[in-house]
Each structure stands twice: as C-alpha cells, then as structure tokens.
Amino acid sequence: MEITEFKKVVDNYDVVFFDAFGVLKNSSGMIPHIEKTFEYLIRKKIDFYILTNDASKGPKSLAQSYIDAGFTMINEEKIISSGMLAREYLRMKVKDGKVAYLGTKQSAHYLEETGLKALSIADLDLNKIDDVNALVFLDDEGFDWREDLNKLVNLLRLRNIPVMVANTDKSYPVSDRMVAIAVGSIADMVENITGRKFIKFGKPDSSMFIFAYEHTLSTREIDKERVLMVGDTLFTDIIGGNKFGIDTALVLTGNTLKEHYEERIKAMGIIPDFVCPSAVVY
Amino acid sequence: MEITEFKKVVDNYDVVFFDAFGVLKNSSGMIPHIEKTFEYLIRKKIDFYILTNDASKGPKSLAQSYIDAGFTMINEEKIISSGMLAREYLRMKVKDGKVAYLGTKQSAHYLEETGLKALSIADLDLNKIDDVNALVFLDDEGFDWREDLNKLVNLLRLRNIPVMVANTDKSYPVSDRMVAIAVGSIADMVENITGRKFIKFGKPDSSMFIFAYEHTLSTREIDKERVLMVGDTLFTDIIGGNKFGIDTALVLTGNTLKEHYEERIKAMGIIPDFVCPSAVVY
Amino acid sequence: MEITEFKKVVDNYDVVFFDAFGVLKNSSGMIPHIEKTFEYLIRKKIDFYILTNDASKGPKSLAQSYIDAGFTMINEEKIISSGMLAREYLRMKVKDGKVAYLGTKQSAHYLEETGLKALSIADLDLNKIDDVNALVFLDDEGFDWREDLNKLVNLLRLRNIPVMVANTDKSYPVSDRMVAIAVGSIADMVENITGRKFIKFGKPDSSMFIFAYEHTLSTREIDKERVLMVGDTLFTDIIGGNKFGIDTALVLTGNTLKEHYEERIKAMGIIPDFVCPSAVVY
Amino acid sequence: MEITEFKKVVDNYDVVFFDAFGVLKNSSGMIPHIEKTFEYLIRKKIDFYILTNDASKGPKSLAQSYIDAGFTMINEEKIISSGMLAREYLRMKVKDGKVAYLGTKQSAHYLEETGLKALSIADLDLNKIDDVNALVFLDDEGFDWREDLNKLVNLLRLRNIPVMVANTDKSYPVSDRMVAIAVGSIADMVENITGRKFIKFGKPDSSMFIFAYEHTLSTREIDKERVLMVGDTLFTDIIGGNKFGIDTALVLTGNTLKEHYEERIKAMGIIPDFVCPSAVVY
C-alpha cells in the first residue's frame, strides 16, 4: 500500500476527525509543524474535530493545553472525548443520587454537568453508600491506589450499580522510554475481581464516531462520504472509522511505524483508505 | 423496576426496532398473539424494523419466513441484519478478487451484491488462493466442518486478508431443550488458533443501530428520541440501544426471565427504560 | 453426595494436607473447636501439613500466627507455602544478581534464603537495573501502589527477566463483608499491560502438592494412598489433590456452602472423595 | 545463552524425558540421525521416556509408529501420554456407568482399561444418557464434526458430569506448510459455549512429569537431579520441567528456532539449563 502526502488526501474532505496522541502530539509535545495543518484546514474551510479517549479532563482543560501550545484554533468546541459519552449515558440512565468516580476533581467535570452529585472514591464512606447509583472510571490520578481501589471493590460488592469506563486504554506514554498504567487497566483488574460487566466508552466503539458525527451535523449539513478519520492505531482509530463508514487515513507518527505498517495492515485486515507519513501539511 | 404493558410504552414512539429471537419468535415459532402488535403499529402509523444477528439468509429469505407465518407486513424492507453490515464493509474496503465464505449458498447472497465473486470454503482450492482477498463467517451450515474448517485455518496462514464475522452469537436454540453451535463460536475458535483479530458485526456493536437508524432516515425525518429498541437480552439489545442513545424496552419472553430480571439489571448495570411482559399489544 | 463426619474420614490416613483459609481459619479467626482436630491427629500419630497460597510472610511468621492463637503444634515445619516454590525456582534458575520483589520486607524472607540480593520495588532505582535478574510478586503491602506499580511496569519494559507470582489469589476476605485485592490480581494487570507470561505458583498447580509430598517423604516413608487433602475450594484444593492422585475431602466452612455443594460438584465435575461439614473432629 | 552439543549434556544424567514432536520427529518423519541418540543412551545405560500430549492412540500404537520407523528400542513401556493421566483420573473418580469420548475407537483404548464402558459420541443417543458419567476429549478424528459436536454440547447441557481434555494442543503440523485443528481447540470452543470448566491434562501441567517420574521410580531408584527433560517448546516442555524441579534442555529443531531462542527465553523468563542444536548425539 503506497504512502500519500497528507495534503493530497485531506483536500477531498469537508470534515476531518483527528486522534490526538500519536497524530497531533506525542510525549515530547506537539508534532513538529502540525500547526501548518490547522492553518491549511482553516484556509480551505475544512472543519475538524479531535476525538480522544482521554477522560482525565473536561473539554475546556483539554483545549487549554492546545491553546497554551499556541494552537488557538483548537477551542473546546473542537474536542470530542470519551468522557462526554459517559456523561450522556449517565444523563439518560441515572436519574438521581450520587455518582462515585475514580479520578481527579478535574476529571469529575463531566459528571457535574449531569445534575448528579459527583463523589470522589477518595471521599466515599462505605457506611454511606445507599444513594450511590453509579460509578465511573475517569483517570489514574486523584486518589490513593491501595486504599481507594480496595474501597471501590467493596463498593461494587455491596451495591449493584452501573459501572462506566470512560477510557479503555491500557497504558500511555510519559516519555519516549516510559509508560504509565492507564485507568483502563485498573478497570479491567476490578472487572476481573468482581466478575461484573462494565460499560466501556471510547474508540474503537462506534459510539464515539456517532457522537462526533452528530455534533458535526448540529453545525452544518454534511455527508458521511465527506468525513475523514485520521489516526495512528489500526485497532482503535482505523477500525472504528471503517465500521462507522467513513474514510480513514493511517499516519506513521505514533503506534504504527513505517517499517511495519504493511505487515500489520495485512495481518489485522484493518485497511485504511490512505497511509500518510504524518498529518502535517507541507 | 416495575413492569409496564407494551402498549403503554410503544404509544410514545414513532419507530420501533425489534430483536427477532426471544421477542417476535422462539424455537416453537412466532410468539402467540404477536400479530396484534404489528396490526396495532400499522394502525397507529408507528414504523418498525427487525434488527437481527442472523446472517444465514438474505433479507428476502428472512422476510419470507415471516410472510409464510402470515406476517405479510414484514417484507424485506423491514429487515436489518448483521450480514448487511459485513456487505457494506466489503463494498468499501475490498475492491476486487474473490471473497471466501463459510456458510450456505443462500447466505452468500450478501456477498454477491458487492460485485465481488463469492467462493464457498467448500469449493476453495488451497492451491488457487492468490485472488482471495477476504473471508466472511456467515453460517454454520453448507460445508463439511472437519475438512473445510481445516482448510480455512490454512487459508488464513497462507493469506493475510481481512476476516469478517457476520454473526457473533455463540449458540442458538433449536427446540425448547436443545441448542446448536453458532458460527460465532466457530469464528472464536479459528481466531484463537490463528492468533488473528477478526472484524465482528452485530449487536451490541453500535454499527447495527447506526445502520438501522440511517435506513430509517432514508424514508422519513425522525429524531432519535422517538425511536425505541425492544429486546430480550441485556448484553446485546439493551446495552446497544442505550449506548446508541435511544430508549430501550426489555421483554421477558426470551433470555431474561421474570424471576431474574431485577437482579440481572442491577448486577450488569444495563438499565432498560422499560420492562414489559412481552412485545404483545393486547 | 452424602456428608460424612471428618473424624470417620481422617482415621483412614497417615498424613493430612490442610488448606488454611476456609478450613482452619476465617476472617474472624480460628474455626471454633478446630484445636480438637490437631489434638486428635497428634494422639493418633497422623501427620499434618498446611498448604497455603499465602506468600506474604515466611513460614516462621505464618506459624507464629497459629502459635499466638494457642496452636503450638503448628510450627514452621508444618507450613508449605507457594512462596517456597518461588524460592526453589529462583534457587535453581537465577544464579546471581538481584531479585526485585513486590511486597513487605517480611515477605522477602523467601528470597534472601536463595543467596540472591532481594530488592524491594519501593527501593528500586530505574537507572540502576542492569543486575536485576528476576522479579517476584509476593504481597499487596509494603509499597506505594501508584508509584511502584508504574515503576514495575517500566522495569519489565526495560529488562527481559523471569517474573514469578507467588500467590495467584485474586482477593482475600478481611472481614465477613469485606475483601481486599490480592497480589494475584495486581500480577494479572501487569501481565496484561506488558504482554508477558509470568510463572505462577500455588494451588491448583500440582507443584505445591509435589513439594509437600516430597517434604513429607523426607521425614517418613509414605504411600500416596495414605495422604488426604482437605480444602474448601473445588477449583484449587480439590482439583489439585485429585490430579496429584491423592484422596480429597471438601469441607463446608469456606468458599463452598452446604446449600450449593452438590450442584457445584456436578457442574464443575471436580469430585472430592468425601464431603464433611467441617474439619473439626468432635 | 550459549549452545552446547547434546552429547555433552546428556552424559550427566541417568534418565532422559523427551518430548516427541519437534524433538524426535517432525511432519516429515523422524529427525535425521536421531537413532544415534537412542543407540548412545542404551550403550551408556541412560534410561529414557517419551512424554507426549498425543492422546489419539494408546501407548502400544504410539510405540508401533516408532518401531515401524526402525526404532525397536521404543516400546510401549517407554511412552507416557496425557491420555494415561485422563485414564488414571477416571479410574479414581468415576466409579461406574459409561464414559463418552470424542475421538477414534483407537483413542478409546485408554478408557476401556478403567473398567468403564466407553461410548463414542458418534454412537451416543441423547435419549439414553442417564448412565453417562463422564466425557473425555481424545482426538479430532473418528466422528462427524457438525453432528457430533452439536450432540456433545447438548449432552453437557443435560448432564452435569466431569469433562476431561486429554490433549490441550491447539493445532498440529501435517506438513511443512499446513496444520490441522487439534482436539484442544475443539474443547476450548465447547468450554466457551457451555460455560463449564474442563479438567485438562498434558504439559505444562506438572502432573505429566509426576506421572513419568513415578513410573521411572517403579523400575529403579533415581534422584530428581539425575533426570533431564528435553523439549522444543518453552511454554510446555521447559516450564513444566523447571517447575517440577528437574533440569531442562531446549532443542532448536521444532517450535523454537535458532534465530529467536535468546530473545524468547528472555521475554518469557523460562530459562532452560541447556540449549542444544538438536537432540542428536553425533
């Protein structure tokens, strides 16, 4: 499968969905020259959104990190995160009471918008759990792992409540050599201990793409054929876009490297419409 | 959670999605009096579709089984099956060559519509596989299990091609006491032997709901809030509808029984908007 | 399957292997009247050993907890723990360097006996890992979960070394209502993140039974037919004993309750030779 | 880890356990010159046994295939197979009735020795199953896959009986390019459909090594330090031998190749005492 410059690809679409990590940024910061891509998209009136499995912050905070890096065009309207999907699910299905969460106060942003009272596992008293009606895994920070994960396991033994996982990633890079355990791995451990089935959000599940597409539709009329998904990971970004029925471009700046992409595309049978060296428009 | 008559529920919607097995029919035939439901829906101008993981026949044949049972209102336009999703994926991603399939000639109906040449595993010659560009699991009949499953495993060792599973069910009832192994279980076994990742279609994956909703949109303007999903299985029908963002009704004529539904809803945290004794309108 | 008094069963054996938790003690302390069993065994010259998956302490400390409860006959010679198996494996396979461990200083007792230098993950510096030649999961205490588990994951990315899990239990009871996450669950999470295969010790793996039997042989001549395994859990104690080829007795004071034992024995097909209300000799 | 000639290794032992496939033979027949090894062992009075997960034939038939290839020294006394372990388990735990099996009549050899009546799944009538007290997976031949696997699944829904798997291999080579689905994969599929836990025999489970060692002890006094396990697969032969506490030699004529062995030993942490180019003594 041949490699095409991203500029040639993107010219054929009206809306672009970008994965964040491995496409726009990596553990060293923003991908060099990626600002040119956004300048080009704006000039060409191509709309864009960022689809991320990061539920550790609200869209405002997520956007701020781009703005701080000089990308003022990436405001909170441009961010679609798996945390929003968990929020919508709660809004529809949990009518009252408290929602316990694992994560920082900042990550609880999503929950407060539902009208439910958000309660950090760190502040939970196991003797007062009668009105705890849901639990959400948001982030790997903001709590004492040993004390609060044990508390969480016992909460689930004492209360039959829905459990949502807003980020299913297993680990995330913190430098070019080091990774950190992501909240998705913690959720898998608790699911395994308790024998429960959790409700999981985020790519490759199609709901992320539906949510983004409906969000797009609320601002403009658009056909699915005019939407492109750009990602670095075959088993989340590309299969998710393929199954949702939009075109997909694999970039080689993250999880999938130039030396392996052909073999991995074949082996997994997850076939992007395009392969580009990066998402940079030169 | 209290039980509501289906009539009171359905009156509030413009479109209803029904699961087939355990809702409209069971191993003895159609659910008694379910014809009244369709008469009522037509009288009230409530639209309906049947969403099924059955990929063993094309929509025409699936509809015929309803027509033969006297349900002339269930024509092929009303059937949305996971086989259609596999067909769309093939249409988009596999441009030429042959698509091998496991199933009956009848099940290959889906594949022929893509313009690709469909080739039963039973007819495949392992010495002539250079133009086999995809494989689809459709049905548990139409081939010699021992000979052809061994052939299929070797095909996947020799060719790196995308593999689709059009029905992820593990087993299906053939009488009130007996089940049969479904093609989803066969696919899991082959995935395990070959170490490959297959692309799976069917509930609870949201793509089934997107496809049905887009199909509905092609005939009428409709808001998601006016759509109801009716199913008997929490982990496919109800979670799928919930994540897609439509209302859901659990009926107690199939996998989830009256004596267990409250416990199972709590334990799984998959909460339908309504629980009804059946999908029959009295 | 009928229930037999433990006294009638035990009279036919020369050596008894006891599981600890659910057989001799529970979260409230020693099982009432279990001291009579040990008095009886000593009077009848029936030898006994305790086979435990608890690797959090050395045999001396494990024995001390029995001695403190007034069971002076349970000295360290009577304790066979999965930690000992990990120690033997290290002794045979890791010739030099340091062995990193997850657990308390007390749990590291096993490692120091190998002649290797034991190094707590809490004290490990990721910049000085060239001589770290093995890693052992021993206990869920003695380290900072967040900081040290992240360190451990990165250690395994940087060093290809054997990893041993000395306790494969997922959780353990801390009161009649509450459980705690066991080190086996933590090990499963890390295995899942790193994609490595760990070497696991403890029941139901036969190596625990071999080790106990060989230990017994070192003190007296004994035929396997004269050895009885007593446990509360079908899938560890009873299947382990059955596969090792010794007789097994299930007691109903722990994981397997009187109201379910017949159904569970049938469903799992793990058939003890005897079922006893408890291991108490009246 | 350096490579040592097998002759230098084997000189230090009194008994050698050989894996069969990948060590003594491959899909083309016996490994060239491997007869020299047996001549040498006999001359040096080093005893030997073949430990195999092949339960498709009794030891007599397994031995005959060696004798037919000119290896008259490999008689049935030298063969230890996982089928024997299943037989011993049945002998101890199933006292009467019939034992159903999946496999050829030839594979049922093991079952008849227990005194139980062996009944092929192919001959089973689902209306007459009240005296069927166990089920054993022996071989992938000797039955109609579609008809008889469906029958088997329903047998397990109707009868709560112990299920044994005498060969846990997933596939086996039939030529240098082709494999066949092994009975272990079929058993995994049925376990998954029925939600049951099967009792599994064969390497790497220690019971195979115990059985072989006890068999050896019945003919001569021998210390475990004088026993060597020779195999081509780290995750069955080598880890099994290591955990049993005997020395292990990895040979590079089967699953583990010369170009990968160092990396795989490190990655898995399963460390043989020796690595040899083959088991041939030159």
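As written, the chains take the letters A, B, C and D, and residue 1 is the first residue of each chain.
By our rule, a contact is a pair of C-beta atoms (placed from the backbone, for glycine too) under 8 Å apart; a residue touches a chain by one contact, two chains touch by 3 or more.
According to UniProt, the chain labels map to these proteins: A, B, C, D = HAD-superfamily class IIA hydrolase, TIGR01459.
A quick note: this is a predicted structure, and the numbers were derived from the prediction, not measured.
Trainee: Among the remaining chains, which ones contact both chain A and chain B?
Mentor: Shared contacts of chain A and chain B: no chain.
Trainee: Taking all residue numbers used at the chain C/chain D interface, answer same if over half belong to both copies and different if under half do.
Mentor: Homomeric contact, same residues on both sides for the most part.
Trainee: What is the chain whose Cα centroid lies farthest from the Cα centroid of chain A?
Mentor: Between chain A and the rest, the longest centre separation is with D.
Trainee: For chain B versus chain C, what separation do you get between their C-alpha means, in angstrom?
Mentor: From the centre of chain B to the centre of chain C is 47 Å.
Trainee: Distance from the CA centroid of chain C to that of chain D, rounded to the nearest Å?
Mentor: Roughly 28 Å separates the two chain centres.
Trainee: Cα centroid separation between chain A and chain C, in whole Å?
Mentor: Their C-alpha centroids are separated by 41 Å.
Trainee: Give me the residues of chain D that touch two or more other chains.
Mentor: Counting only residues that touch two or more other chains, chain D contributes none.
Trainee: Applying that definition of touch, give me each pair of chains that meets it.
Mentor: A-B, A-C, B-D, C-D
Trainee: For the complex, which residues does chain D have touching chain B?
Mentor: Listed in rising order, the residues are 140-141, 144-146, 149-150, 153-154, 157-158, 170-171, 177-181, 185-186, 188-189, 192-193.
Trainee: Within their complex, state which residues of chain C touch chain D.
Mentor: My answer: residues 85, 88-89, 92-93, 134, 160-163, 196-199, 201, 205-207, 210, 235, 239, 242-245, 263, 266-271.
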